[in-house]
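Just below is one structure, and these are the notes that go with it.
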C-alpha cells in the first residue's frame, strides 16, 4: 500500500453515547458529547493546525496553535481542550486566528534549527507541516536565547534523542505516562529552560526507560526518531503485519523504502495493542538479516561431521529418501514432526497434515505442550472450550484483577501497559506469585494484595480462596443456578468448605498469611467485575491442569463470566501458540478437535486429503525422545522449535536426539537442537511470508510479506516440497488457500478467510454463521457447551520437594528484552539490556552460602547442574531462587527435571529442588556441551568464527 | 525396569492420584478413559505388559485402570476433556490445549 | 554492593511519614530542612517511598525555585526584586548588596559564606526594600543596614 | 500593665520583637497581636487603660520607658480614630490587630464562630444561596461569583469533595492574605468550615507560599487549636515552593497533588473535577475570610455596600512609594485617586505620583490622569487593566516605565511554568525585544514586534501569567510613551 501517514484526529474518542450537533465553518457535524472541537472538525476533513495534540493522548492544550472562534464566547479557546456542545457555531479559519497561529509559530521557529533539508525528519515532521500550513514567512526575533547547542543522546541502540529540535510539547512524556505507564520521562526545570529529561537527566539507555518506542512514535519532530530512519530516509510504502514475539499479538505498520524495512510502527487500528508496542516488536526485528542467518540448505551424514551446503532439491530429496528408508526399516510410526508456535497457522496446519497424511501416523506435537496445554485441558473440562474467554479490551472494564503465575510487564508488556492504565483508574489488583514482580509495586500502581506463595502450592491457595467464597456466602447463586451443573457445584462447594481447605489450615503449606487469602477472596468475589489473568506460573506445574480447573471454579462460583471486564484469561507465551493448538498439532486429535479414533472424522479427512489416517494417538515430544532412546523412533522433522534449549531435562532430550538417524531442523539459525541435526532447512522470518497468527485472545491476524525470503522459500513452501518429495501431493499457490481448507475442517474457523480478515482487520474465533464477525467475549448468555462444570481440586504435592540435599526451590521466567530461547532477540541490540541469565537469590540464602552479588554460582538438581552469575535480591522469598532461560550458555533446562503436569505432560519448569553454591566457572558438562556445539556448527568452506 | 517404563509408571500413578481427588469412587474409570484417549499405542502396550509382569510400583487404582485398558474395550468418557464428538448443532469442543 | 551514603537512610526515615504521591512537596521540604539541599542521590529513596518514578521526583525538584540540588552558603539572603520594593529603591540596594557581599545575584560566594537570591515579594510591600535573611524579615534596607548585614555575615 | 505589640511579619521586620522584649524587661505584660495595617506607625505599642487602648508608634526598642509613662513623642492615643482607620469598613479585617491571633477566647469574644454555627444549622443549599445573594466575588482577581462556584461544587457528584484556600499571594503590592492569616487565622478557618458544610466537603487544604514563614507557622497552630471546633471538617496546610504560577488555581491543585505546578487545560472546572479529580472549591483567602461576616450578619448587610456588580468590601493594599502604606478595607466604588492621594497621602518620598500599578505584576500601570477610575471589576477591565488582588503600588516621578515594561517580561520569563508556547518562549523574546528598544536598535520595528508579541501572548496563552503580562507592558507603552523614545508608539491597548 502506498505510504500515507495515519490520520491523526488530535484527541481520543469520547466515551459518551449522547450525541451533539454543531456547525464548524458553516458545515453541520454530529459527534458524541465530549468530543473535542478539533476531533469533530477532523472528522469532516477540516484539519485544524496542531502540534501538542495527538489522538493517542489526552488533550493537553500547550502549543496554542489550534485556537478557534466560537459565537457568543470571548477569546480564542483551544479546539483540542474545548468539547463540542449542542448548537455551537465554530470558525476555524479567520484572519485573527491566522495572525495568532503565525505569532505562535514564529516563536517556535525562533528556537529551532533551520536545517530541514538535512534533518532526519525531513518530509515527516509536523512542525515543518504546520509552519507551512500557517504560512510563516519570517522570524523577526533575531538571535536570542535558544536550545540549539543541546547535545544529542544516542545511548539507546534504536533511537536518538536530539533536544536541540525539541519544541517541549510533552507528547513524549505523556506517552510514557498515559500509554506505557512507566513514567520514565519528565520535563526538567520551568519556563524557557524546560527540557525533556529521562529519569534524572540521564542517557536514555541508563534511565528508567524500557525502550517501548511510544515516545518516538509520539514525537512530532526529529527530536526522538528511529536511528534507521535517520540512516535510510523516510519510508515510501507500508504493509500491516503482526508481531512474531509474544501472545499479545500487536499489529504494526511495517514501513519500507523499496524492499528495505525502515521501521515498525504500532498500527492504531490494531485491536490487541491499540497503537502501542514494546521494545521487541517495535525495534528488535534486525535478526532477519543477521550474519548468523543460514540461507542455504545443509546436510551431513553424521552429527559429528561439519555441515555441507547443498541446493534445495538435493536437500529435500535427501530428507525424503531418509524418511522413506527409515519407515521401511523401522515401521510407519518410527518418524514424526514438531510444529512451531512461532510459525503461521497455515504452516503449522501443513506440518501436521504432512505427518498424518504424508507419514501416515499421528506423531506430531507442538511446543504448546511446554506452556499452555493445561489451559486447553482445564478450560475444555470446565467451559467446554479451551481458550481465553475475553478480549484484551475487556481489562478496561475490570474492577478487580487477579494475576496469578504471570509477570506481564516482562512477558506481555503491551497488555501490562493497558492493565496499568486500568489500575491507575482505580481497579484493584491481587498478585499471586512467589516473586515480588514489578507490577506488585511500580510508579502509580500497587497491588491491593500480594500473596507470595511457596512455589508449587497454587492449588492449595486457590482452593483456600474458594473455601472463603463458599463459607462466607460470597457465591453468585443466580449464575450458578442458571448456568452451572447444580450437582457438581454442590459437591464442589462441600469439598472446598471442608476446614482442611481453609486459609488457616493451608497457611503453613503455602506460607501465605490466612488474612491475605481471606481479604483477596472477598475483594475478588464482591469487588465488582472480577477478571483472572494467568500464565506459565499456573500451567508449568505437576498440577497445572488442576490449577486451571481451580481458576475456572472461582470464576463460575462468583459469576465472573459472560460479560466485559471478567473472565478467565490465559496469557499465552508465543505469538501463535493458540493457533498451533487450533490447527490440531496434538498427537491425539485431528484439526477441528476430532479424536483420531473417531472413524467418521478419519473418513472425512481421508476424503479431503486422499490418505489413510492412523486411528491411534501419536507420541508426545517427551515420549518421542523416550522411544528414540529405546530405538523405536528414528527421525524427526522440527519446524521453528529449539527443543534442546526450551524443553526440560536437556540431557534426556540430547540423548533422544542423538539416538535418531535423521533429525531435520527448519529454522533461521543453527540453534541448539541443530547440534544433533542431519539436515538443516533454512526458514523464513515473519517479514518474509504471508499467513496468520492467533494471539492469546483468539484473535486471528494477518502476517503480510514485507520482503522476499532471503532463504528463497516461505516455510509453508518448504513443507509442501517435502510432502511432494515423499509422494504426497500438495499444491497450494498461496496461504489463503490453506486458510480456506482450515476453515472447512475447523468449526471455530468456519467463517474465516483472507478477504474477511482484510475487511474486518482481525477476527476472534469462533467465527461461523452464529458469529459472522467473530466472538470478542465468550459464554455471553451461557456456556457454549451445556453447563459450566465444577471439579474438585485436591492439592497433591509435587515430587520436587526441597530437602537436605536440594534445600531451595528454583522457579523460572522471562525478561522484557529477551524472548523465549533468545534465538531472535539475542541477535539484536536487545542483548545490551540482558546479555546473560542471572540467578536471583535472597540475601539470607546468599549470605548463608558466602555468595555476593555477581559471583559465579553452581545450581544443581537431581537432573543436572549448571553455572551462572548470582543476583542478590529480596524480590524472591527466602528459600526460592529464580532464573530465565534466554541464553544457551547457561542451559537452565539442564537443571529442570522430567516432572510434568499429570494431564498434558506440560513440564514442571516452575518447581525444581536445587542446591546453590559458589563455583569457579562453567561445569564440565557445560564445557563439553560448548565444545560439542562449536564443532557441530562447522560448515565446510566457511571460516568458523 | 527401563527408564521409559519407570516414567510411564510415575505418569499413570500421578493420573490415578489426581482422579482419586477429583472423582472419588470413579478414579479407575476416569484413569482408564484418560489413558485410552491420550496415550500412544506403544505407551499403552508397554504399561499393560508391565502390569502383566507384576506391575511393580503401580498404585491400586492404576492397576485396575490398566487392567481395563488391556481389555481393548472403548471407555465411556468420564470428563468433558475426553469428549470429542460433534454435538447436535455441528459444534465440536475446541481443545486448544 | 558499595556502602550506601548514611544520609539516604535518614531520608527513608523522613519519607516513612508519607505514603501517597501528594506527600512529595512536604517530604522535599522536610529533606531540604534536614540537609540544606536535596542531593540527587536521595531521589531513588524518595521515589521508592511515594511509589513515583525517579523522573517524576526529579521533574518536581527542578521545577520549584526553593528546592536546591547543591548546598547553599552558610547564610541565605533573599532580596525582594518585585515592583513595590523597586518603587522604594530596591534596584540600588540590589547593586549595593552584590558589591558589599561580594557575590552575584543568584549565586553563592566562593567561600560559601553567603548565597544571594532574588525573591518576588515577601508581602511587606509598604516597608521595602525588604529581604529574608536566614528566614528572618529585614525591612527598610538602606546602605547602613546593608553594612551591618555584611559585617554579621562575613564575620 | 498590659501592652499590645504586633507579631506581624512586616512589624517584626521593623523591630517589633525588640520593642516587645524591652516592654517585658520593663515589667509590662505584652500580648502579641496581628498588625492593624498602617505600617508608617509600626512598631506600634498600645497600652491598655480604663478608657481603652492608647497607642504610640513608631516606637524604638530603647524608647519603651517613654511609652510606659505616656510621654513618647509619637503618642497617637486611640489608633482607631486615625482617619486611615476611621474611614474604613472592616468587615473581614475587624479583629486583625486587636485580638491575640491564637486565642480561641478572643476570637469568640469578637463575634467568632457565629457564622459557622448558623451555617451548620441551615441546609447546605441555603448557605450557598446566602453567599450568592451577598454578591461576593472572587477576591483573588478573577472576580467570579463565589455563590455560583459553590453551587456548581454542591451539585457535582463525587464520593469526596475538597475546599482549597489559595494563599499563594505572590503579587507584588499584596499582603492582605498574609496579614489575615497572621492576624486572624480563625476567621479564615471558620470561612473554610462554612464552605465545607455548604458543598459537602470533609477536608480542606490551605496552600501557603513558602515566602510567608510566619503565616505558615500561625495557620498550623490555629488549625491545631480549632480542630475540635470545626470537626468533622479537617484542615491541613500545604506549603508552596517558590513558584508564582501556583497562584493559578489549577497549577496550585497540581502542586498539592505532588506534581510540577503546571496549569491544567479547562474544562473540567475544578468545581466539577479539581483536586485528585474530585469536585473542589478553590477560593482566595479574602473570599473565604469574608464568608463568616455574611453568615453572621446576613447577605444583605454585605451586599448593601459596593458599586455596580461589585458588592461588599475590598481589602485594598496600598504599597510601594506611598506615605500611608497598609491595609484599607472599603466598599467598592472608591476611586483610584481617593485611595492614592487622600487615603495614601501621596508618595513617601514627597515626589509627585507618576504611575500606579494595580493588581500586581500582571496589572496595568495607570497615570494620574486616570485617577477618577472607580474601584470596580468592570470599570478597571474597561480601562484596559484589572483589580486583581487589589494591590495598589505607587511610583513617584523617578520611575522609568520602559524598565518597568522590561521587568514585566522578565518576571513572566522567571515564573513561566513552561507549558504553553506564547508564555514559555514569548516572555524571553519579550525581554530581548525590549532590550533592543532600550539600546535604541530599530525602535519602530521592535515596538511593532513587541505589540505583535503581546497580541500573541494576550490571546494565545493558556493562563493569566502569559495572558496578562501584556497589561503592564502595553499600558507603560501607551500611557508613558515618552519613556520609550520611539517615534511610532501610538496604538490602543486591546
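Going in written order, the chains are labelled A, B, C and D, and every chain counts its residues from 1.
Operating definition for what follows: contacts are C-beta pairs under 8 Å (C-beta built on N, C-alpha and C of every residue); 3 or more make two chains touch, one makes a residue touch a chain.
The structure displayed is predicted, hence computed values, not measured ones.
J.: Taking each chain's centre as the mean of its CA atoms, which one is most distant from subunit C?
T.: The most remote chain is B.
J.: Pick the pair with more C-beta contacts: A-B or A-D?
T.: Of the two interfaces, A-B and A-D, more C-beta pairs touch across A-B.
J.: Cα centroid separation between subunit A and subunit B, in whole Å?
T.: For subunit A versus subunit B, the centre distance works out to 34 Å.
J.: Which whole number of Å gives the spacing of the CA centres of subunit B and subunit D?
T.: 85
J.: Between subunit A and subunit D, tell me the centre distance in angstrom, where each centre is the average of that chain's C-alpha atoms.
T.: So the centroids are 58 Å from each other.
J.: Compute the distance, rounded to whole Å, between the mean C-alpha positions of subunit B and subunit C.
T.: Their C-alpha centroids are separated by 78 Å.
J.: Considering subunit D alone, which of its residues make contact with at least two other chains?
T.: 243, 260, 414-415, 417
J.: Please list all residues of subunit A that touch 2 or more other chains.
T.: As it turns out, subunit A has residues touching two or more other chains at 186-187, 189-190.
J.: Would you give the residues of subunit C that are in contact with at least 2 other chains, written as numbers and ranges?
T.: 21, 52, 56, 59, 63
J.: Could you please write down every pair of chains that are in touch?
T.: A-B, A-C, A-D, C-D
J.: Quick one: in the complex, what on subunit A touches subunit D?
T.: It is residues 59-65, 67, 75-76, 78, 80-83, 96, 99-100, 103-104, 106-108, 110-111, 140-142, 144-145, 167-168, 170, 186-187, 189-194 of subunit A that touch subunit D.
J.: Which residues, counting only subunit D, touch subunit C once they are in their complex?
T.: Those residues of subunit D that touch subunit C are 9-10, 12-14, 39-40, 42, 169-175, 177-178, 210-214, 238-244, 255-261, 276, 317-322, 325-326, 348, 357, 360-361, 391, 393-396, 399, 404, 407, 411, 414-415, 417.
J.: Where on subunit B does subunit A make contact in their complex?
T.: Per the touch definition, subunit B meets subunit A at residues 2-4, 7, 10-11, 14-15, 17-18, 20-23, 34, 37-43, 74, 79-82, 84-87, 90-97.
J.: What does subunit A use to touch subunit C in their complex?
T.: 182-190, 197-201, 207-208, 441-446, 853, 872
J.: Mind pulling up the subunit A residues that touch subunit B in the complex?
T.: Against subunit B, subunit A makes touches at 333, 362-363, 368, 372-381, 384-387, 542-543, 546, 578, 581-582, 586-589, 592-595, 597-598, 616-620, 622-623, 626-627, 629-630, 632, 747-748, 766, 784-785, 789, 791-794, 796, 799, 898, 902-905.
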